[in-house]
Each structure stands twice: as structure tokens, then as C-alpha cells.
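Presented sequentially are two complexes of chain A, the first with chain B as partner and the second with chain C.
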Partner chain A sequence: MTGGEGARKLIALGAIWAALLLAPYWMPPLGGYTALGTRVLVLGLAAMSVNFLLGFTGVLSFGHAAYFGLGAYGAGLALKFLAPSTPLSLICGMLVGGIAGAILGALIVRRRGVYFAMVTIAFGQVFYYIAFQWSSVTGGDDGLRGFSRRPLDFGAFSVDILSNAESFYYFVLFCFALAAAAMGFVLRSPFGRTMIAIRENERRARFLGIPVERHIWIAFTLSCFFIGFAGALYALLNNFADPKGLHYSQSGDFVIMAVMGGMRSFWGPLLGAAVFVILQDYLSSITVNWMSFIGLLFVFVVLFFPRGLLGAIRRKVQA
Partner chain B sequence: MMLLEVVAATKHFGRLAAVRDVSLAVPQGELRAVIGPNGAGKTTFFNLISGLFPPTAGRVVFDGRDVTGMPAHARVKLGMARTFQITEIFPELSVRENVRVGAEVAAGFRLRPWISRAEGAELQRRIEETLSLAGLANKADRLVGELAHGDQRAAEIAMALALRPRLLLLDEPTAGMGDQETYEITQLIRGLHRDGKLTIVLIEHDMRVVFHLADRITVLDQGKLLAEGTPQEIAVNDAVQAAYLGKAA
Partner chain C sequence: MTQLLLFNVTNGLIIGAFYVLMALGLSLILNLSNVINFAHGGFLVVGGYIAYTITPYLGFWGALLVAPPLTAVLGLAIERALIRPLYGRDPLYSLLLTFGLAFIFEDMTRFIWGAQGLPVTIPAFLAQPLSSEFFFITGYRLFMVGMVIVSVTLLFVLLRYTRLGIRIRAGTLDLETVSALGVNVRMLRSLNFAVGIFLAGLSGVLAAGQLGLEPTMGAGLLMPSFIAIIVGGVGSLTGTLLGGLLIGVASGVTAVYFPSASEAVMYVLMAVVLLIRPRGLLGEEGMLT
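Entry: the complex of A and B
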């Protein structure tokens, strides 16, 4: 890596974090609102989790909404029945999503390509129908209600993240930063390099002594922990868990965010999520067919910017 | 002591017998060439040895251990490394990163969340050593996918060497190369073999390379073992002549 490239990366990283830290100040003048920023962070984290697999291990999961939704239900049920604690609910959500991913991942990772995608969809739909049918626990079609995020209690003082949108935004940003740091840490480790090796050339990876299935399983499981965490944050954001969050169309949205933003870059999916969420917010107030416009944009990006929006921006900066 | 023994290996694909009852024993430190006309089953034979798929019948023994049903990655751990006829590399990574993956696996770091400073320095030293051994030190930061064909082949050998193998399997190392590149790769392989620690089995079509490098030669034809011997013996073997000339005639 040349010094110029390193410096440019540092500047880009600084710009991203500055934009995220100051979002509650610059979003409202531009017609946004803080909760919209929170939504971008949560769905961005989910898309980054999908991309952890898609962009860095090279396997496409079309069922990650299942683990996202399990995280949401896990958090909601913990708040409702276990204890009124926000951190506990996040941990529960993450564990539920991650453990389900670890178990099902063991069955999924032997498949490749389109079969992998199909099996992930199938397992995802199983959870969707469970959430849909098991009304006594999950609230069924109406979703899980009757819980809300609790103030953060630090003993000497507590932070109200329920009614204060800014406080909640910064709480989510803190969680997002933790998860992103963990993800970046894994990707820079020797294990992360084996993920990229598998993406680049599975046969070569195997003949370099990497047990490919086991490594894909670990990557899958980690990614489910991350997206379970995102799902738990989503439940806190809405004070509600929805069976639609488990549906494969939600998985498709995550994939769209990742691919649109740029699946070969770490931050691409966050940008994709921002574009997706902001367009959805704006367009859905105008037309019920908002998804067709996002679909058009998606097709446009895939055709003209195969490296996604961030890839196109990066190329422009380097030129 | 035989490092590699293949005992009566047979591989069927459906009704086609690609390899039929082939045995081979390679002692520690030998450079063995496997030759034969197209379709002789050489690559299939390699795939049986390296574990891409198991044989239909027969056994593969590496360093006294039966590895017949062992997955490829586990054979690598025992000290087997290979290259492919069609170069298998990580095209979007730099040469150094390509080699690093192998070096980290060989060092037992593949599941490590981090490595210590001392381990990192040792790893770095080994990576640079492997790069200069393969003549790639001045191209280490280039993306492998952007290199010339000959350098890509050398990079693939470097990746295999980073595993610190005891047995190196090379599937047509000079495939698709011009004279100069062929010469350079031949010199590289000769250098690897010189101290006799590394056992090499290679498939090769270029007879200049084969007769220049090999201690012994195994000839396959239509999936069967046709002959085995020193280069001098093979050069005057009537059955081998017939198999090659028969194809040409």
C-alpha cells in the first residue's frame, strides 16, 4: 500500500465517522430526521453483516432476514418476559440470531452457489412461518408488541433513550461502532484472509490447507451474530418485532443494499442502506410503488457501476 | 524410505476408467516426472494423490500413512502441496498476499484472531524468503491477476512453497510458456530440488524439461502404467516410443 492510498483511506474513514457523529445536526436541515438516521445505522449494520458473507467470503445468503428477525424477537421477548434491561435484550437478540445461525449454518455450508442461496431462503421461511403462526408467543401476524426499550442505567445517572431520539441515535451509533470494529477486526485477522481466499478461489484455498466448509461455517455464524445484533437494535428502534422482518423479501432488501452500495468494500453496504432507507422514506410518501423506483436504481447501479455506488465514488476519487 | 506410495489406484468416471491399476513409489528427495500422451490420465492420477477426489479402488500412502480417504486440506497439513494445470491463484490479491495465505496456514494461524509482533515478523521473513526464491520479490505488490502468464505460474509455485511442503506436486508447470519462461521455471524447479529435501512429482509435456530435471520417469498411457525408469531407460523404451509415435503417426 502506498502512503497516498493510506492517507486517503484515513481521510475517508474520518469523513464517514464525522458524518455519522454529526448526523442529528445535519440531517434535519436537509429534510431528514434523527430516527431516519438511526434506521440507516441499524439496516446498514444488517447489510454489512450480509456482506461479511457475500463480499468477503463470496457466498450469497438469501435468508439472513431470519437471523435479523430472530434477533428482533429475541430482544423483544427478553424485554417483555425476562427483565426490563436494554443491554440484556441486545445480548439476547444477538445470541438467538447467532446460535440459530450456527446450527442451521452447519447444514447449509455444504451447498454452493444457487443451492446455498435456496437453502438459506428455505430455512428463513421456516422461521417466518413459525413467527406468523405461533401467536401466543410471537403475536403472530400482528407482531410482537408490549415492550419498549428502557433507559440506560449507569447507577449514578441514567440516559433516556426512549423519548429522546438523539440519545437513542448515539446509543445505536455506539453499538454500531462496536459491531463494525469487531467486523473489521475479523477481516484483518489471518482468519479474515482465509475468507477472502475462499472468495477468490475456493479450490486454491482448499489446496492451501484451508478446510473450506468449516471456515464458511464460522463466517456464516459470525455474520448471524452480527445481524442478530442488528435485529435486536431494530426491535428497540420500533419497540416492535414484525414477522415481515423474517421474510425472504427482507433478505432481498439487505442484498440490494449491499450490492447497490458496493459489496467489495467494507462501508459500501452502509451507503447502500442509506440510499435505500432515505429513498424509501421519501418515495413512500408519494407513491405506493416506491419499490419499483428502488428496483430501477438497483438495475442501473448493477449495469453501470458493477462495484456499487461506493466503488464508483472511489474510482472517481482515484482518477 | 518411500515418501509417496500409490498402490493399484483406479478411478472410474461413470463407465470411463481414467486411471487403471496404477502403482507408484517415490522415495524421499526424488524428482519424478509423470509423462504420457494426452488423455493418459496424468491429471486424474494427480487428483487422486492430492485428494481432489478419492480413488475408486486402491490406496494412497504418504509418509507411511494411509491418506486414501483424507480430504485435501488435511493432506496439505501432512506436507503435500500442489499446483494446477490451469493456474489457480487469488487474482485480486497481490503476490505477497497470495503467498501470505499459504504461509499463515502453514504456521497454524488460520483461525487466529491476531498474531503477535514476533510471530508477524517471522511470518514476514518467511514470505519474503519464499518470494525471492520464486523470483517474485520485485513484483510482490502487483496483483497476481495482472502478471504475465509465466509469473502467475511462478506465483502459484510460491504459494505451494509457502506451505513448506515435503512433497510438491506440479501439474504441467511450463504449460503455455515460451522458451525463456520455460527455462526460468525449469531453473526454479531445479533449485528447489537441489538440496534433496523437497520431493517433487511433476507432470510435464515438454520433454526437454523432463529429461533435464527428472531422476526417474513414470509413463502412463490410456490410464495404465506403461513404463517406469531412469531418463536413459525411458528414452530407449520401445513401448514408450510406440505410444508417443503411435499418436503422432
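Entry: the complex of A and C
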């Protein structure tokens, strides 16, 4: 890595964090609102978790909404039945999503390519049906209601994240930063390098004696923990968990966010999530046919921006 | 009780026959072109609505004859324009593209024909139950099963005895060699895609007569078709056939004893198959793994 590139990366990183830290101040003048920023962060984290697998291990999971939704239900049920504690609900959501991912991952990892994608989609739908049918616990089609995030209690003082949208944004940003740091740490570790080696050439990795299946399983499980965490945050954001959050169409949204932002870059999915969320918010306010426009966006991205926005920018910069 | 069980098994077989028709089309496209066609359910719905629209002019039989080829033509156009550029790229991209198409299909059918469910009139003599004791066996249901049997047989004859079919099967095994032998692979993929979409259109027309039409019905039939393919084994059309019937009957029987799990049982079946026999019932080792 040359010195210039390192400096450029540092500047970009500084800009990203500055933009995120100041979002409650620059978003409203541009017509946004703080809760929209929170949504971008949460869904961005989810898309980054998907990309952890898709972009860095090269495995196409199309069923990650299941673990996202499980995280949401885990957090909601913990708040409703276990204890009214925000941190506890986050941990519960993360564990539910991650453990489910670990178990199903063991069944899935031996498949590759399209077959892997199909199996992940089909297994993802299991939880959708469970949430849909088991209405005595999950609220069925209406979703899980009757819980809300609690103020953070630090003994000496407490932070009201329930009614104050800005403090909640900063709380989510704090959680996002923790998760992003953990993700970055894994990707920089020897394990993360091995993931990339598997992505680049699975056969060669196998010949080098790397237990490919085990690595993919660990990566799958980790990404399910991350996305379960994101799902838990999503439940806190809405004070509601929805079976739609488990549906495969939600998985599709995550994948398109990752692809639109740029699969090969760490921050790409966050950018993709920002574009997607803002576009969806805007389109659904101006037309009832927003679904067609989202569909067109998929087609457009695939045909004209397969490397994503960051990929295209990077190409320009390098050229 | 026997009657109830019989009722649900018959139901399961009929639903299974739908899954088979749908899954065979998906399977054809998946095996040859490595494309998971998420829009397959969308094509099914379009086939049904086309039939609905032309029934007043041509009658039910005319619609049955005309709607599937029209759907196939639409499929061909979409394959040429949108999917062809994606062959040879990561399967992720065709998956995302057809995913977006499914959105567009659902929204456009709602836009054109309305969100309300539409009834489709079938000929009166088909709507009658055949006996009073087995009231659930209507002529239409027998007719549907007959149609599925005929079209599946024709498909297998096409694949086994015609030049196109033999090329499709050879291409499924090794497309590069087939291309090197001078077969126009682009054309082969297009025709194969059209056959798959034809089957989707046909199931759409048949389903419309039984279930009526709704813009969202395609999405509901898509997931069972996926499971049918996985259970039967990717790469094997006979497996897909078996898988579709199996999950249809399994969910029919479960509906008798434990109605709310009739959907979940398919997934349980899939998990069991993947545990015991990861390649699926009739899947070949090493194919698409």
C-alpha cells in the first residue's frame, strides 16, 4: 500500500464518521429526519453483515432476513417477557439470530453457488412461517407489539432513548460502531484473510489445507450474530417486530443494498442502505407503484452498476 | 375420517402436481443456465391473467391453448433483453435481476387487473363433482391432474427423443463441450427458458381455474417449488417430479392432523433430506454443489 492511498483511506474514514456523528444536524435541513438516519444505520449494519459473507467470503446467502427477524423477535420477546432492559434485549436478539444461524449453517455450508442460495432462501422461510402461524407468542400477521425500548440506566444518570430521537440515534450509532469495529477486526485477522482467500479461489484454499467448510460455517455464524444484533436494534427502533422482516424479500433488499453500495468494500453496504432507504421512503410517498420502481432499481443496478457505487467511484479514481 | 384423509391426500396430490409443473420449469432453467428464476411465480400469474383476459373472446379452451405460448413469448423477450447479458457472470446477478422482475410483475398485475381476487369461469361440466360420496373430486381437478400428467410426459419425451431435448440435457452436463460441438448455446438457452416459462404459464391458467387469480399468488407457489427441487435433488428432473408430489402429499396429510403445520412440514422434510442425503433424493453427486 502506498502512502498516498493510506492517507486517502484515512481521510475517507474520517469523513464517514464525521457525517455519521453530525447526521442529526445536517439531515433535517436537507429534508430528512433523525429516525430516517437511524433506519439507515440499522439496515446498513444488516447489509454489512450480509456482505461479510457475500463480499468477503464469496458465499451467496439469500436468506439472511431470517436471522435479522429472529434478532428482532428475540429482542422484542425479551423486553416483553424477560426484563425491561435495553442492553439485555440487544444481547438476546443477537444470541437468537446467531445461534439459529450456527445450527442451520451446519446444514447449509456444504452447498455452493446457486444451490447454497436456494437452500438459504428456503430455510429462511421456516422462521417466517413460524412467526406467522404461532400467533399466541409472536402476534402472527399483526406482528409483535406491546414492548418498547427502555431508558438507559447508568446508576448516577439515565439517558432517555425512548422519546428523544437524537439520543436514540447516538445510541444506535454507538452500537453500530461497536459492531463495525468487531467486523473490521475479524476481517483484518488471519481468519478474515482466509475468508478472502476462499472467495478468490476455493480450490486453491482447499489445497493449502484450509478447512473450507469450517471457515464458511464460522463466517456464516458470525454474520448471523451481526445481523441478529441489527435486527434487535430494528425492533427497538420500531418498538415492533414484523413477520415481513423475516421474509425472503427482506433478504433481497439487504443483498441489493450491498451490491448497490459495492460488495468489495467495507462501507459500500452502508452507502447502499442509505440510497435504498431514502429512495424507498421517497417513492412510497409519491406513488403507489413504488414496488415497480424498486424492481426497476434491482434491474438497473444489476445491468449497469454491478460493482456498486463505491466500485464505480474507485474505478474512476484509479483511472 | 378416511374420507377426510382421502380428501387431503387428493388435495395434496393436486397441489403437488402444481408444484411439479412450476418446479420443472424452474429446474430446467436452473440446470442449464444456472439462473434461479425468482420471477417464475410472476410468469405464472401473468399466464393466469392473460387467460382471464382472453376467456371472454376465446372461451376457456381457447385461453388454455393461447395463454401459455403468449407467456412463453414474454419470457423469451425478457430472457433476450435482460437475462442474456448475465450468463457467465456470478449467479448473484441473475438472481437479483429476476428478484426485481418479480416485484415489477406483482405490481404491474395489480396495476392492470386490480388487487382484488378475480374468479375464472371454467366450463360447467368440469365444475361438477363426479360422485356424491367423494364430493371433492370435481371434473376440473381430474382434468388438471390429467393436464399435468400429459405435459410432464410431453416434456420428458421432448427431452429424451428430440434433438432440442438431447442438447438441453447434454448442456446441463457440460455446456462448454456442447458449445464446442457447434451447438448454438445462446439459442439453446433461449428455447430452454421459453419451455420453462411455458410450463409456468400453463400452471397459471390451470391454477386460475381452481384458485381464482390474485397478484400475490405466484410468490406463494414459488417457495414450495424451490423445496421440491432441493428435496428431489438439483440437476435431476425426475427428482423434481418426485419432490413436488412428495411435499404436496406431505402437507396434505399434515393438514388433517395438525393444520397449522401444513406449510412447515415441507421445510422439515427438506431439513431431513439435507441431513441424510445432502444431494437430494435423486441428485447426482458433484452436480452444482
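The rule is short, and it goes like this: the second predicted complex is superposed on the first by the 315 of 319 C-alpha atoms of A that agree within 3 Å, B and C clash if a C-alpha of one lies under 4 Å from a C-alpha of the other, contacts with A are read in each partner's own complex, and residues count from 1 in each chain.
Note that a contact is a pair of C-beta atoms (placed from the backbone, for glycine too) under 8 Å apart; a residue touches a chain by one contact, two chains touch by 3 or more.
Bear in mind the structure is a predicted one, so any value in this text is a computation, not a measurement.
Chemist: Counting only touches as set out at the top, which of chain B and chain C does A:F191 meet: first, second, both, neither?
Modeler: The answer is first: A:F191 touches chain B but not chain C.
Chemist: Specify the partner with more touching residues on chain A, choosing between chain B and chain C.
Modeler: The partner with more contacted residues on chain A is C.
Chemist: Give one of first, second, both or neither to describe whether A:G209 is in contact with chain B, with chain C, with both, or with none.
Modeler: A:G209: touches chain B, not chain C.
Chemist: Which partner does A:L107 reach: the first (chain B), the second (chain C), both, or neither?
Modeler: second
Chemist: Could you look at A:F62 and tell me whether it touches chain B, chain C, both or neither (first, second, both, neither)?
Modeler: It touches chain C, and chain B stays clear.
Chemist: Of the two partner chains, chain B (first) and chain C (second), which one does A:N201 touch, if any: first, second, both, or neither?
Modeler: After superposition on chain A, A:N201 lies in contact with chain B alone.
Chemist: Where on chain A does chain C make contact in their complex?
Modeler: 54, 60, 62, 107, 110-115, 117-119, 121-123, 125-126, 129-130, 133, 248-249, 252, 255-256, 259, 289, 291-292, 294-299, 301-303, 306
Chemist: Which of the residues in chain C come into contact with chain A in the complex?
Modeler: Residues 30, 34-36, 82, 85-86, 89-97, 99-104, 106-108, 111, 223, 226-227, 229-230, 234, 260-261, 263-264, 267, 270-271, 274-275, 278, 288-289 of chain C touch chain A in their complex.
Chemist: Which bits of chain B are touching chain A when the two form their complex?
Modeler: 50, 71-74, 76-77, 81-82, 84, 88-93, 97, 100-102, 104-106, 109-115, 159, 163
Chemist: Tell me, which parts of chain A touch chain B in their complex?
Modeler: So the residues of chain A in touch with chain B come to 185-186, 189-191, 193-194, 196-197, 200-201, 203-212, 215, 218.
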